[in-house]
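Naming follows writing order (A, B and C), and every chain is counted from residue 1.
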Amino acid sequence: MNAVECRELTRYFGRTVALNDLSFAIKKNTITGLVGPNGAGKTTLLKILCGHLRKTAGDVRVFSDDPFNSLKVSVNTVFIDDHLALPATLTIFDTLEAARLFYPNWDHRLALRLFEYFSFEPRKLHKDLSKGQKSTFNMILGLSARCALTIFDEPTVGMDTAVRRDFYRALLQDYLHHPRTIIFSSHLLGEIEDILEEILLLGEGRKCLHLPVAELRGYAVGVRGPAETVEHFIADRDLFRRERFGRDKIFVAVRNSFSGEALQEAGAMGLEVFPIPAEDLCVYLTARTKGGIDDVFSED
Amino acid sequence: MQLKIYRYTIVAYGAVLLLSLMLFYLFPKEALLDFDPRAGAGIEQDTYLELHKKWASGELDRKDNLAPYRKWHFDYDGGHLRIVSGGGCTPQILVKRTAADTSAITVAEYRLFRGDFFEDELNPYTVDLVGERLIVRGPEQIALKFRGFERDFTIDQFREKRAGQYQEQDWDSPTSRFIQGLYLYIPETVKIDYDPGDIFILPDDEE
Amino acid sequence: MMSLARISLGGAVKQQYLFKLRAYANLFVSLVAVQIIALLFTTGGMVGMSGMGSEYLDLEIRFYSGAILFVFTALWIAVNAFVLTLPLSRHVDFSFVTNRLSSNLANFGFLVTAAVAGGVTVSLGSLLLRNVLYYTGGGSSLIIGANFLVRPDELLTGAAVGSLYLLLFGAAGYLAGALIQLHRSLYVLLPALVLGVLFYEAAHEQLRLLQVINFYRLEALPILFILKIVSSVLLLWSGAALLSNRTEIG
């Protein structure tokens, strides 16, 4: 069963295309990381999924419903970002009380324990919290709502490292006890990689990759060595990145379809072969050029 | 906390309004003025002219129901009398001549009221005779401030109204509702003299 | 495994409505403030007849009315109805469980509550005004009896009629807000249009606006008056709900 299905989903803002022919499905009860550079369309996609924005064309289904104006989607979805609008008049404690009334699966005990753990002052107003505190508070809201579809859009803005780690732990713990569909968008793929099951990579409104994290880790290898030897070695494999360094040495990232023996040979040929971290691979895949920023400085 | 402050404010205002509601209905409002300045203007002006004519024609003292408010009696056998103002408002005076052998001056203040609330508030004339000078002091002006209320327009929603005319705004000047003047009864032989800038004297037209 | 939660439209509207009563409690505080200011303005009174009278008598009559109180309250509800349609208010709604219809319906419920609160407090405020002037004004002997007393049935009529008028103002403010959200240029165009029509009418002495007011004001039959107001309000609200049913929460 899929929690989310998109087919040829397209969204324009005026003449700018934010989502372009996007098709994918997210299985129920998985944690998916939504990654991609700025402007890739991550937020647009998430806001369409929770019914805030309209699609321009294509089809989008959340729990088999069109999310725009669907109460069923709304009551089963919580969307947390750093712009989360909360009533200016309510204290953060009153806000928790208010949220409790909206979500049927709300876990108030969890909310209060997290509230205490992060030492929130109940009488404070949301607007008086620091950026990081706001994010932490919103995270509590998102976790305690226990919605079948829980969406975090860059939820860690302003949080310090310790709080971010706590957050990832809390998310994982709660997910294990109460499995649900979680979509998590973040720039810091390296940090969240361990809690993710799937990765959906967007670039310029298009889907670049949608894979289990485990597969992504072995998806590409980096090869470093003399240019000619490297070129010969990689033959016509999918090339993700080519960077020059030194006088005639290059580094390439290619699709990993090498056999074990081939990799051993590489050592003998004087090549360095190493796995490409998921985070770097995502950067390579969504870059406009194969050379990255180096191309700006290249004479050719 | 924030919510509590809001609640207190709202509850406090509600309590004040309810207390005021009880105060309004549980304690009868007594001694309100039975006087509506908006009732029937226009007609009053005629009445005032009528009144003034009556006063000027010296009829007031012939009306049985109009007892003089106050009367002064002075023995006087001089041949000349100067009437002077002793301050206050310009006295309204009508001189009536009496028989030559009376040897007395009588002054009467007549008031013609319509039973209005300010009747009792009006100040009286004072009159003194010093030698050949009759000093007439007009009543001190009284200043009254009072308060009226408009009906809330919502209350009158279901009364018949005409387009463009929601409220009648005809006012009746309360000053047109009374006369307060002096009649001087002076023997016809006495010569009268006064400063017209000070005093307003109407001679008796009867003769 | 998490089973999907269910909610009916009515349930969502009720929840949103209760939420708004808490989240917008400050609006009722501002009602209190607005009415206190209006009462302070009113206690100055309007000089009806000053310096009237002769040399003997100097009369000054000050007239007091609940008109300012009503006008301020009408502005209060129109402005707040407008604010309810602004993106920020919509964002708050969409932080929790709602769709556009339930958000609008909850707003309508809130506006009904606000109108009733406004209508009742305006009527009671009019009594408060009378009490204050009666007990502080240097003796009751100087208060004109006419119009001072308000019969209980008049008080109720006044509160009900006032609430209905306020509901109309609220609905008008709400539609104006929903209209303006359609395009940024309407922020300038709509007020300009309204002012333009007013000036044109004033210049040509047509005052069709007055006819609009008369449509409600001259209706002396209670049932027809209620019908006129309620159908107008429903019309304004339907317009607003239709206009805002495609709004994006960006």
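The definition used in the following text is that contacts are C-beta pairs under 8 Å (C-beta built on N, C-alpha and C of every residue); 3 or more make two chains touch, one makes a residue touch a chain.
Just so it is clear, the structure is predicted and the values come from calculations on it, not from any experiment.
Engineer: Taking each chain's centre as the mean of its C-alpha atoms, which one lies nearest the mean of all protein C-alpha atoms here?
Structural biologist: C
Engineer: Sort the chain pairs by how many C-beta pairs are in contact and tell me the top one.
Structural biologist: After tallying contacts for each pair, the winner is B-C.
Engineer: So how far apart, in whole Å, are chain A and chain C when each is placed at the average of its C-alpha atoms?
Structural biologist: 47
Engineer: Can you work out the whole-Å distance between the CA centroids of chain A and chain B?
Structural biologist: From the centre of chain A to the centre of chain B is 90 Å.
Engineer: Just how far, in Å, is the C-alpha centre of chain C from the one of chain B?
Structural biologist: The computed centroid separation for chain B versus chain C comes out at 45 Å.
Engineer: Indicate the residues of chain A shared as contacts by at least two other chains.
Structural biologist: 89-90, 94
Engineer: Find every residue in chain B that makes contact with two or more other chains and list them.
Structural biologist: Those would be 3, 6.
Engineer: Indicate the residues of chain C shared as contacts by at least two other chains.
Structural biologist: 22, 25-26
Engineer: Under the definition above, what is the set of chain C residues touching chain B in their complex?
Structural biologist: The touching residues are 22, 25-26, 28-29, 32, 35-36, 45, 48-49, 52-67, 70, 119, 121-128, 130-131, 133-134, 137, 140-150, 152, 154-155, 157-159, 161-162, 165, 210, 214, 217-222, 225.
Engineer: Which bits of chain A are touching chain C when the two form their complex?
Structural biologist: 29, 47, 51-54, 63, 69-72, 74-76, 79, 83-87, 89-90, 94, 98-99, 101-105, 146-148, 178-180
Engineer: Touching residues of chain C toward chain A in the complex: what are they?
Structural biologist: Those in contact with chain A are residues 1-9, 12, 15, 18-19, 22-26, 88, 91-92, 94-102, 245-246, 248-250.
Engineer: Using the touch rule from the top, collect the residues of chain B that touch chain A in their complex.
Structural biologist: Residue list for chain B touching chain A: 1-3, 6.
Engineer: Considering only the defined contacts, which chain B positions touch chain C in the complex?
Structural biologist: 3, 6-7, 9-10, 13, 16-18, 20-21, 23-25, 29-38, 89-90, 117-118, 122-123, 138-139, 141-155, 157-164, 166, 171, 173-175, 180
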